[in-house]
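My questions all concern the structure below.
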């Protein structure tokens, strides 16, 4: 039966042993969304044609956030990511859609890196818009696909 | 009219000047939720009576995550937080509810710290349960209240 | 006679005691320059009208770099900066000019933070352009002004 | 024609995909200089024969700085450097010359690590001497050579 | 004759070149102890049956500390650890025994990572108990075994 | 009766609320020792008269380590230390004695910062000497004095 892998028999949390896993190419894509007032979405859209804009700042924060994953998630392995992309776009006036993809030639999956990139990008959107909208919601952060490694390919239903 | 505060007139992103703001007590509370399969929730519940458990690890990750906010969010001020609490509990079998509160005697609000604590705790729940459930969703991360500072008290509608 | 302040009588490097200094407003501005081929400057200029551009990425890196100063410079005090601005602009086709200003209500100056912001922004310009120009030079990083604190106002000659 | 590699077609900044690059030995050497008053150079020289000295502190800061490159430069890959050396020496009384070499068995070059090591060492020289000389300049930070990888060997003209 | 490896001929500290070392499996185990009053040990024991407890917090801190080794120890190589376990247990009423094991497929040993994990776990025990006992002592931090790499297997005498 | 302060009534670990504590001057001094073979002590002593030496590197690592305390110890408050000194000296041929003092104008004590500085300096001594002596022991890390704050002055018995 399925069980958590992050505990040993004595109940101690562990960073699990991946020494004997194969060095394969691993890719993971995650998505998430920031919901906001229409006025906030419009302000982002207007700003988007100027030099500094909310989505560019959040996009960079997401990339840098992916690199911080082992600092943030206690039992994550430190990894030498070989690729990170983060994409943000307005979906109508009331949502920013965020997608992040991480890649690694290594011994463990990179889904946490992709999920962290989305989360940090979303938090940065909130930070940059909070003066005009405190009621934004960060929502639907999820893994959409994952390839490589023993557990094989995962693709989310939606 | 309301506008973003994180840009100067030339369109450059800036860490805004808070030097002349009052040093007051500032408190912010944020909430969020991780949705999961019933089987996952049951495994968390069983584990919860043993020594190491998912919620304890995620709770500590959230507290440490709050301290990392200025590293993660590009335009956030470095702050000397005076209090952080993070609380996680199972809400039925299919959700973990997360609440974080941050406090500061200082010149700027701590809502980003509370939202970051919730996000990092949620990501850690995902990490620890992903071997049994890859379809979890991190959702409804939002500010629920904020006191202190010029903009006064904010309380979310829900 | 003038002497270094970062050593004690025994010759040990120390983080000097600033406990008894006044909490005053301290501001420092630093400048620097990245020299490049005309073709590189032109590519930056063209890119500058699109969404993601070299100068925006470098500008954000500079702001985040300022916050990392106590991590980088062994004897720097950890500080709660109250403002950081970084500005990059093309000066003709062969140079990017960088200016950073940091501010603090505190017990020690912020010139290292401003110089670090300029350095990190300059390194980021190099990183983003190195595929087309490996011979760029980062040059003339210097303090241009400093106010607040016992040593008073400093303004560079040039 | 040459173009920047750090943007995708949509103009988003990306951490470029190096998954398919060869794991080869990569070496990069960078140099830079801190210009100062003759009195400052003399103080460094005198101190240099004692236990704690400016150049030793700056040298260590440079080595540690190389390790922080992916934290500082937004689109740099995290790397497991296999060697870092930093060397500082007085060139007459008015300059400190800094040289850094980084090495990696990996998929991407290490020029940013070498340039960052030089920059952090230079900033540390400034920090340790600023009580006696605020007009120092950090200058001529540049790549002097680079080997390994598809783009082959680069040697700077000077 | 044996000599330090962290200096070059000119006396500069260096991060030594491991590029040509074999990528082998390397494992290191370290131990240490926190001595305390019997009352403190009893409080830890009581707490140990509840949800949050001193030993669980310290155990996680130790795992995360192992990942921070290259940030803390100036000449340590950055490493992609493949496994970290930390175990704390009460030895009678007056001591907590700490054991940490780190593992790597790589070019350099992981004894510093294991020793750092023990140290950070010990410091965390101190932090969490200091309100009731300021006279605790962290003691006997040592390497107990090491395998892999050119220098072969090491096993401590005791 | 004395009890731990780092848990709330529900058993959650918390970063305790210090918002209402007085901003007073707080000083803490910690000590520790690295035990080694006589040959190792002699090598350190010889090296001590040259430019780069074990004790200088460890001393700087200790100062920088003090600044990392809130990153390492989960429930420590982030602090703006106003002074850090670390001193290492050979005590005969078989021990290095380490003393660290930290100072703060703030709301919480700095004993963890002093203990962390000692620990990181000790680990660095180990790292730099491990090629000649794997059996060194880090021992007797303890608080020797503490002033400031509500709990008053503490001085260790020995």
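Lettered A, B, C, D, E and F in written order, each chain numbered from 1.
Just so it is clear, a residue touches a chain if its C-beta (ideal position, glycine included) is under 8 Å from a C-beta of that chain, and two chains touch if they have at least 3 such contacts.
Keep in mind the model is a prediction, meaning the values are calculated, not measured.
Asks: In this assembly, which chains make contact with chain B and also with chain E?
Replies: Output, common partners of chain B and chain E: A, F.
Asks: If we look at chain C and chain F, which chains touch each of them?
Replies: Both chain C and chain F are touched by B, D, going by the contact rule given at the top.
Asks: Determine whether chain B and chain F, two copies of the same sequence, contact each other through the same residue numbers or different ones, counting it as same when over half of the numbers at the interface appear on both sides.
Replies: Under half of the interface numbering overlaps between copies: different.
Asks: Report back the single chain whose CA centre is most distant from the CA centre of chain F.
Replies: A
Asks: Of all the other chains, whose mean CA position lies farthest from chain D?
Replies: In terms of C-alpha centroids, the chain at the greatest distance from chain D is B.
Asks: What is the Cα-based rotation angle between copies chain A and chain E, on a 0 to 180° scale and rounded to a multiple of 5?
Replies: About 120 degrees, rounded to the nearest 5.
Asks: Roughly how far is chain C from chain D, centre to centre by C-alpha average, rounded to an integer in Å?
Replies: 16
Asks: So the centre of each chain is just the mean of its C-alpha atoms; given that, what is the distance between chain D and chain F in Å?
Replies: The computed centroid separation for chain D versus chain F comes out at 30 Å.
Asks: Measuring from the mean C-alpha position of chain A to the mean C-alpha position of chain F, what distance in angstrom results?
Replies: Going by mean C-alpha positions, chain A sits 36 Å from chain F.
Asks: Spell out, as numbers or ranges, the residues of chain A touching 2 or more other chains.
Replies: 10, 12-13, 51-52, 56-57, 59-60, 64, 71, 74-75, 78-80
Asks: How is the touch graph of the chains shaped: line, ring, star, complete or other?
Replies: Topology of the interface graph: other, matching no listed pattern.
Asks: For this structure, enumerate the chain pairs that meet the touch criterion.
Replies: Contact pairs between chains: A-B, A-C, A-D, A-E, B-C, B-E, B-F, C-D, C-F, D-E, D-F, E-F.
Asks: Where on chain B does chain E make contact in their complex?
Replies: 48, 51-53, 55-57, 59-60, 64
Asks: For the complex, which residues does chain A have touching chain B?
Replies: The touching residues are 2-7, 10-13, 32, 39, 43, 47, 50-52, 54, 57, 60-61, 64-65, 68, 71-76, 111-112, 115-116, 119-120, 122-124, 126-132, 134-143, 146, 154, 156-157.
Asks: With touch defined as at the start, can you tell me which chain B residues reach chain C in the complex?
Replies: Chain B residues touching chain C: 8, 10, 12-19, 70-71, 74-75, 77-80, 106-107.
Asks: Using the touch definition from the top, list the residues of chain E that touch chain A in their complex.
Replies: 25, 56, 59-60, 63-64, 66-67, 78-87, 103-105
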